[in-house]
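So, here's a batch of structures to check.
One chain, chain A, appears in both complexes that follow, with chain B as partner in the first and chain C in the second.
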Partner chain A sequence: MRLRIMSRYPGGNLIDIAIPTFIAAMPILLGQAIGGGAAQAAANFQQNTGTTNYVAYLLIGSNIFMIVSGTMWNVGYWMRREQETGTLEALYLAPTGRGSILLGISLYGMIRTLINFMIAFALGSLVFRVNPLQGNILLALAFLLVGMVPLFGIALLYGAVILRVKEANALIQLAQWVVSFLMGLFFPIAVFPIWLRVVAMLFPPTWMNNGVRASLLGVGYFFQHWYFDLAVLGVFCVITPWFGYWLFTRIEHGIQRDAGVGEF
Partner chain B sequence: MTNEQIANDKSQRAPSPFVNFHLQFVIFVEMVRKQLIVMTRYPVDFVTSFVQIFFMILLFTFATIMFEPRGATEMSGSMTSRTGGVMMYGFVLFMFASDTLWTIGYNIREEQYQGTLESLYLTPASKFASLVSRVTMIVVWTGLLSVAAVVFVQLFLGRLPFQNVGLGALLLVFTLSGMFGIGFAFAAYTLLVKESAQTTANLLQFTIMIVCGMFFPFHALPDVLQSIARLVPLSYAVDAFRSTLMGYPPGFPELASIETEIVIVVAFGILMPIIGYWLYQRAERHARVTGSLAEF
Partner chain C sequence: MEPIIQVRDLTKVYQSKERSGLLSSRVKNVDALKGITLDIFPGEVFGLLGPNGAGKTTLIKCLTTLLLPTRGAAWINGYQLERDENAIRASIGCMLMGDRGLYWKLTGRENLDFFGALYQIPPAPRKKQADKIIEMLNLGDIVDRTVETYSSGQKMKLAFGKALINDAPVLILDEPTNTLDLPSARELRTVVHDLNEQGRTVVYTTHQMSEAEELCDRGASIDRGEVIALGTIPELKASLNREGVTKVEGVIPATAFRAVRALDGVASAALSSKDGAQELVIVAPNPRAILPQLIHALMDNGAVLEQISPTEVTLEDVFIAKTGRTLAEDTRVK
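Right after this comes the complex of A and B.
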């Protein structure tokens, strides 16, 4: 159903594909202005991150950010919209398992964001003239796919917060900036002070982002080898969805008891 | 009916200009009050707006540091004064531009969703007051956020150049006026296209960010985009505003001489609200005639 709704708004999909290029363009242009040209910008960037390919580095960051942000929007905004249009309560009265509805929404989000990732990354590479087919592509895909599972959990956590606090727009906007900061959208998290690095590493998209960058650009894994980093993501795959679903159902029951499902 | 009765009757039907102005003003104040009440009902919105500003600044500061020759080894205060000025003053205008699109333009859509737009239109309140009341909210709220952002940067990330404050403020007033005109025009667009307005707002926001050089100097743009930037009045507003506050360092303003830019910004500030409101009135009439005001 969600995929059908999506197909009714083709403009929205085109924008989703274009936005990562816009996001990456800002630091790229800023960096070139600071460096006084592309070559000096690359040299400065290598000093700080370990790769001269700052364009691909930033494109990967912006595309993964879109995946994370899109997943949160899909669940959080869907819920808020259902509240606003008055259909959430009706949906709750339907004889359907809550898990299957949430899974359906999340699956839709994952399919959409993954397809968008492929096209947007290719588009960005074309616009900025970098080769998208470099490094270990299969490994990068593995990081991407495994990283989607904890994202489902984060989306549920987020849905729970929206259900309780209701102000989806404000929360989504805030979350977007927090997410982009913690996952190192434009920079490696090594620049953070140690306490902030620990916080960032508790956040699965940070591992996903670094894993894809390390696979494609060779900037280095957090635990030196790809299999250690992937294993950490694997642990998140178990913990995050479980915790997300537990919190979601808890908050949901509380709201149902207070007859607050239809309120907004 | 005597002449006196006729005169009384006329005065009842058509209030004097003074009474009319007073009435419009009272309605406007009530509209602003309504917007304020709605705002205070969502306290999370207050908090998150403030917090996200600091994350945005930090994000771009770290991005800047990645391209500095000294880079990550010297974090504190490493942003050069000029880079900071270009980025921060552009950022202030970006906040206003973004809020204008969403608060004036897309807010109409929110009223449609909540089913309050048609009711609002059935009240004898001025539609202009309704639009302008949203502007007041932006001036107050985004103004506060901008001040907080600049203070944050001054305190933690290095001093910003801060010169020609009077002219800078004047340029800001005309720039905001022009932006509000864009907001009115976008509200008109929202009434016509409905759901697609959200997508357009997103696209516009990012396009403005790049084409109007909000976070970087214009000379960083490729030639094609520089040519496009020269066709957009808001680009001149951004260039004039930040160049003025930075005290016109070598190479600034980038798009034209400051005199030319001031003329463009003033014209933008005067004409754009008129054009925007005219477009809004047309779209509103169209929505009423076709009965699509409450449709979504």
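Right after this comes the complex of A and C.
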């Protein structure tokens, strides 16, 4: 159903595909300007990250940021949109479990962002002349797919907040920057002070982002080996969706006790 | 006969924030429903009657599981509210007031199909039911256009069709003719009547008493969250049997209205404006006997009278007699 609706807004997908290239372009160009040319910038970059390929590094970061952003806000945006158009109550009138609807919405979002990721990454690679088929692609894909499960949990947490505060845009504006900062969109989190590094590592997308970069560019895993990092993401896969769904149903129940889900 | 809907002491208290400055607010309790108790029997059209803000929609939202009551219990089709939510949802087809619950970027047919899927109806019977609805509501010409191109009346019609998609034994309609023109409203009432003939129980909320008189077997008059009258339509009218109703049209200042209300022999009176003219409805045990005092009270207080006439008792008169207010008055707690 959402696919059908989205197909009637054809411009939306094109924008989603183009944005990562623009996000990556700014630090790439700035880096080259400060570093004194591409070669000098690459040498400086290797000192901090373990790779000279800063263009691919930023391109991967910006594309994963789009996945994280698209998936995390998906439930919240969906709730708010349905609230505003008046269809949320209609959905709540049907005898379909809330979990199935939320899972459906999230799956749709995940598949869409994954497809967009592939197209956008290919486009960015073409624009910045990067080889997109380097490193261990299958392992990178595994990090991507496993990393999306905790994202579903975070999406539920965010959906619960939207249901309560009934405001999506301001929260997203704020959270976008926090998310991009914590997951190391433009830089390795190794440059953070230790306390901030701990905070960043409590955030599943940080592991997802680093896992993909490490698989494709060899920047190094947080725990030396890919299977340890993937295992940490696996733990997040259990905890985050469970906690997200628990909080969502609690807030939903509270709202039903109050003015109802249709109030906005 | 066992009721298909049982409501016992249903109470709903909202907490509403009252802004008292830029940053300060205080929480205020709003009693939307005050211990509603009623039974609705299989196969009847039951009217929930009352002005805007009376609590009709809150009651509907509680019965359809959208809101949880603060206190009390209800059973629909044998299922208990709060315990069997999904079974209750499957037992009802619902159209909420000013129903915006349609996807504007989908066609009418796609909307019906989508909501049918939410009710877990397999594709073949879903298509069959959608086709039946399209034919019943004469939606054939518009059903393959996206909803955004519909007029508000067409949207209401489709929203009504959506309420029929699960072919439920109970149909709950909250002010379904609100934005419809007269012919469309009549057409919809005919469909409701036919559906009832086929055995469906219908709960029909309206603030237009003429509509309730035309359609409903029984009804409950709700005012400020309480049931103030309950019974068959003739029973409700008969409750004013020993009283008569007089209507006065013209220009009636507030002082004249107050003077009429203060007259001995006036049970209740309510003033409303209709199409720019004012109408005073007076309920009195013996209207003829008070007619001279009535005219004096009005003329002495500056009223300009255009017409005075005794009228037949309507459901609206019953409401006026019970509350001293007309149905046009908005009683929502601000």
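The rule we apply is simple: the second predicted complex is superposed on the first by the 263 of 264 C-alpha atoms of A that agree within 3 Å, B and C clash if a C-alpha of one lies under 4 Å from a C-alpha of the other, contacts with A are read in each partner's own complex, and residues count from 1 in each chain.
Keep in mind that, in the parts below, contacts are C-beta pairs under 8 Å (C-beta built on N, C-alpha and C of every residue); 3 or more make two chains touch, one makes a residue touch a chain.
What you see is a predicted model, and the numbers here were worked out from it, not measured in a lab.
Model built by superposing both complexes on chain A: chain B and chain C fit together without a clash. Touch criterion met: A:V165 reaches chain B, while chain C stays clear of it.
When both complexes are overlaid on chain A, the residue A:T49 reaches chain B alone and has no touch with chain C. In the superposed model, A:V191 lies in contact with chain B only, and not with chain C. When the shared chain is aligned, no partner comes close enough to touch A:Y108: not chain B, not chain C.
Legend: residue contacts after superposition of the two complexes on their common chain; A:Y245 is shown touching neither chain B nor chain C. Of the two partner chains placed by superposition, chain B and chain C are both touched by A:T85. Once the two complexes are laid over each other on the shared chain, residue contacts for A:V178 go to chain B alone; chain C is not touched. A simple residue count on chain A separates chain B from chain C, and the partner touching more is B. Fitting both structures onto chain A leaves chain B and chain C with a minimum C-alpha separation of 7 Å. In the superposition on chain A, the residues of chain A contacted by chain B and by chain C overlap at 9, 85.
Looking at the complex, you find that chain B touches chain A at residues 42, 44-45, 48-49, 51-52, 55-56, 58-60, 62-69, 71-72, 75, 83, 86-87, 113-114, 195-196, 198-200, 202-203, 206-207, 209-210, 215-217, 219-221.
Those residues of chain A lying in contact with chain B across their complex are 9, 11-12, 15, 18-19, 22-23, 25-27, 29-35, 41, 44-45, 47-49, 54, 81, 84-85, 165, 167, 169-171, 173-174, 176-178, 180-181, 185-187, 190-191. Within the complex, the chain A residues that touch chain C are 1, 4-5, 8-9, 85-87, 89-97, 253, 256-262. Of all residues in chain C, those touching chain A in their complex are 14-16, 61, 64-68, 70, 85-87, 89-90, 92, 94, 96, 99-106, 110, 114-115, 118-120, 146, 162.
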